[in-house]
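Common to both upcoming complexes is chain A, partnered first by chain B, then by chain C.
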Partner chain A sequence: MIGLLLATLTQSLTLIPLALGINLSYTLLRATDMTIDGSFVLGAGVFAQLSTMGISPFIAFLVALTCGALAGTFTAFLQNGGKVDPLLAGILTSFILYSVNMAIMGRPNINLLNTPTLFSTAFAHSTTLGWFSVALAVGLIVVAFYTLLQSRFGLCLRAFGDNPALLSRQGYNVTYLRVAGFSLNNLLAAASGAITAQIIGYADIGMGVGMTLVGIGAIVLGQHLILPLVKKQYLRAGSELLAAFIGITLYFFILNGLLRLNINPIYLKLLLGVLLALFLRTATQKASLP
Partner chain B sequence: MKRLLAHFSLVTLLLLSACDKPHNTRNPAQKPIQIGIIIPIEHPAMDEITSGFEDTLSATLKQPVKFQVMRAQGDINLQRAMILQLQNKNIDLYAPIATQPTEMTAAMIKDRPIVGLAALLPDSAREHSQLALVDDEITPTQIIQFIHAVYPLKTQFTLVYSNNDKILPQVNEAVAAGKTLGIQINTRMITALPDLYSIAQSLSPQTQGIIVLKDVLVVSGIATLSKTANEKHIALISADDGSVQNGSGFALGVKEYQIGVEGAKVALNILQGTHATDIPVVKMTNLSVFINPEALTAQGQDIQSIQEQAEKQHYAVVNVSDARLGAVK
Partner chain C sequence: MMMPLLHFENLTLRHPSLERPILHHIEYTVQQGDCVVVLGANGSGKSSLLKLLDGRYKTNEGKIILKNKNILSLSTQERAGCIHTLTQNAQDNLFLNLTLFENYQLIQNKHKADEIDSLADYLRAFNPNLATKLNVLVARLSGGEQQAFALALAVLYPPEILLLDEHTSALDPKTAEHLMALTAHIIHERQITALLTTHNVNHALAYGDRILALKEGLVHDRIERNDKQNLTAEMLMARCY
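The block that comes next holds the complex of A and B.
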């Protein structure tokens, strides 16, 4: 049992920033941002390339986050200047990022097994300390993100997602908000990619495939479970973060649990989908009750 | 809320019921050695390697051995969950197949030996881990030299490859090897399987043959290239037996089953007390020429010259038509 919980927590931990990023685009900005598949790899690739060049892991991590934010900025400009639909803009950027990531990495896979990373010293000391340092880093990202969401800027982002036209009429610069929102969302995805690469020991050009879908699935699941239970408006931002955490944890809890049932991996995603649908159906029924 | 809790409890109980199942503990003296095999994607070559590993280890180990085979279906999250699950089962030795699963296992498992099968990693990656490697790659220079020996008059080839870390340096080496032999090798890269059809349709009319290295993505679409080779009556040359079974004319490579056999020998060494990093990286040296007579006929190629050159260079010749009913062992 402890093994299952630990496996679930360690897997969820590295993807929490990604879940927060998807939460931002999907829930607040009301857009499905497919850039995330590419910016996840971008974060991992930039971090791996710079680390293997001998640059400080901390600086490499910051540069990775900046690159993620730039990818989001590009998506926002495609929507704004190019008048491209948000979904299509994300797909296009993700498409472009494939080549960009390859150019940055120089090869499809960068090994980090013997490269100093943000967590390598802690893991060398003990696994517990290693995971504690990962949790600390993710915790800092969560706190920073929560503080941002609770600020006036966070409120403006939420208003932008709800009704950009109204916000524009009130004199707010919606272009700036769009750029800021998508940059932040992809910065979080890049952070997740960089952390994941350090944990799994490599950055790979194909490691982002399907990450957006997993993230959206987990977010929707978490929100269906948590949001109906929270009635107070001032708890909304906190409950959304909790929903992201619960969703991604539940996803990996069920995935790891199914693996322990020795289910043929061919049917694993079928069963995973059915179980998640069962949760969603129940939660929806609960929410629709008077 | 009650219904939600009921469903949650049901699923949780179902999942937990599967956890912490006692292993075979009837007789502690007979407790089997547990080996975890991690297969990244479904592929006949992976199954061949697994068979070679399991057969050899079962036959040579004096103790009972239990294999836990994990198939990640190309999903990085699933692969990570599988390694964690093996970790919880107190696996004695890990055997990931291919480079990327070996990297992931080495990053996550520090206290157990790992034998990376068909994996290529720098020596530095073996530090701070218990990692032994079986490198299945033969040099592209050997392949190009063999092609040149078979077709001394052909000077224009197209090499189709995918965006894979192992393949890129090999492509450069193949092009350089071709240059020294007066062969021009044009390269075409695919990023996804659907690209293969477009590339097959846009081959240069001067191309006298298509070369495919040991490249999982391209090999999985070898039928597309085979069709083009048949239509244009040009040779399709690969570097593994599986692709020859699926339409390539011939290949110079190693038997996948043998990679598993070599891996099992390394595993046995480790289980007998040798530290994994003290074992040098195992290179596959016994090369074979795999031929598919039907495909060669369809491509208008002469089987005789291939067999003659194989014998001349002391390579074993394997006719895949004969081996098709069973594993190529």
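The block that comes next holds the complex of A and C.
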């Protein structure tokens, strides 16, 4: 049981930035941004390629984040300039990113086992120190994200998600806010991709498939469990972050539990898909109650 | 001496699917500080006129001159500093999933103004219940509270022109009457120029300085301040509808 919990916590840890990014797009901006499937791999691929070229892991990580943000900017550009529906814009960017990621990586899989990463020194010292350093990096991202959400800029992003037409009539530049919002959530997805690649020891072209769906399902589950307990509005932003964390942890707990039950891996996505559908259905039913 | 603030010059609005223009050669001048009531049947072009003003509708035919500048060439955002619109739909006026305080912060932030001393005291004058609900989501307010709050925000930093597009029509009669009286009191007290659309001829007579009647997109009648005093509701109805 302890092994199951540890595996769940460590897997969840690397995907917390992704969950925050999906929380931003799905809950705050009210958009299902499918770009995340591609920008997750983009973050991992850029980091892996640059690291194996001998570039400092810190710089490789920053470049990976920037590339994720650029992918989000492109999706926002398709919506702003191209007038493409937000969902289709995300799918289109993700589709394009498959080629871009292949071009960047040069091959479907890049091994990082013998390459210095942000956490390799800490892990070489001890596993505990390694995970502590991962937790620290993720913690810094969470704190930065939370601080941003509490700022006036964060308020504008939430107002954009609530009513972009009114925000525009109040004189705010909604084009800029759309770019900022989509860039930020894809930056977070790329951060998760880059961290995951360092932990699992490789970047793979297929590692982002279904990430958006998993993230949304996990967030809906987390919010379903946490938000009814929160009555004070000023606790809302913090509770949404907590819901994202609990949702993603529960998802991995169930995934690891199924694996330990020796479920045939062929049926794993089928079972998880049914489970996600149930989460989403329950949440929709709850939301439609008077 | 009242000064002209706003002038509609040969203003026309067309829609590709409609044979008749929605608005046709509108010529009208609004004086500074006036409350002009725009009357007319459904489809007469009242709301379209207001939407052209705040930028929700676009046209290339004619001009809307505000302080010597044709605002039709300005974007919605550029008009935001001088025009504020209230409609009957709360989601057109407020961010329903933000708190009252957050809605206030967005307006205050855009006007780059200092925070007012006590938002609660300011809101109490519009509706006593609002003062205790600063951290409540706007969606949880009643319809009357939402419209009172929207009015409070609209006049917090008074715009050049306040557009009131049937802003009381979704409320029960008593609340609507109260909000209309409050609106009239505030716009007269603060000398705010306003364009008000309504179907209530009693409101038009009681609260409007002048009346503009539209029919099928054309200016059908203009009733000046002095003429209005001799009119009854029935006479106004006969003239405008």
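Note that the second predicted complex is superposed on the first by the 262 of 290 C-alpha atoms of A that agree within 3 Å, B and C clash if a C-alpha of one lies under 4 Å from a C-alpha of the other, contacts with A are read in each partner's own complex, and residues count from 1 in each chain.
Here is the rule we use: a contact is a pair of C-beta atoms (placed from the backbone, for glycine too) under 8 Å apart; a residue touches a chain by one contact, two chains touch by 3 or more.
The shown structure was predicted, so the numbers you read here are calculated from the model rather than taken from an experiment.
Visitor: Applying the document's definition of touch, where does A:I266 land relative to chain B and chain C: first, second, both, or neither?
Guide: In the superposition, A:I266 contacts chain B only.
Visitor: Now for A:G257: first (chain B), second (chain C), both, or neither, which partner does it touch?
Guide: After superposing on A, A:G257 lies in contact with chain B but is clear of chain C.
Visitor: In the overlay, answer first, second, both or neither for which of chain B and chain C A:Y172 touches.
Guide: In the superposed model, A:Y172 contacts chain C only, not chain B.
Visitor: Pick one for A:M102: touches chain B only (first), chain C only (second), both, or neither.
Guide: Touch partner of A:M102: chain B, not chain C.
Visitor: Does the superposition put A:R158 against chain B (first), chain C (second), both, or neither?
Guide: second
Visitor: Quick one: is A:I59 in contact with chain B, with chain C, with both, or with neither? Answer first, second, both or neither.
Guide: neither
Visitor: With touch defined as at the start, can you tell me which chain C residues reach chain A in the complex?
Guide: Residues in contact with chain A: 54-56, 76-78, 80-81, 85, 91-99, 102, 105-107, 109-110, 135-137.
Visitor: Where on chain A does chain B make contact in their complex?
Guide: Where chain A meets chain B, its residues are 1, 3-4, 6-7, 10-11, 98, 102, 107-109, 111-114, 124, 127, 199-202, 204-207, 209-210, 214, 225, 252-262, 265-266, 268, 275, 278-279, 282-283, 285-286.
Visitor: For chain B, which residues count as touching chain A in their complex?
Guide: 1, 3-4, 7-8, 11-12, 14-16, 18-20, 70-73, 75-78, 80-82, 84-85, 87-88, 99-100, 103-104, 106-108, 110, 121-122, 124-125, 127-129, 163-165, 168, 191
Visitor: In their shared complex, at which residues does chain A touch chain C?
Guide: 152, 155-156, 158-159, 162-163, 165-173, 232-234
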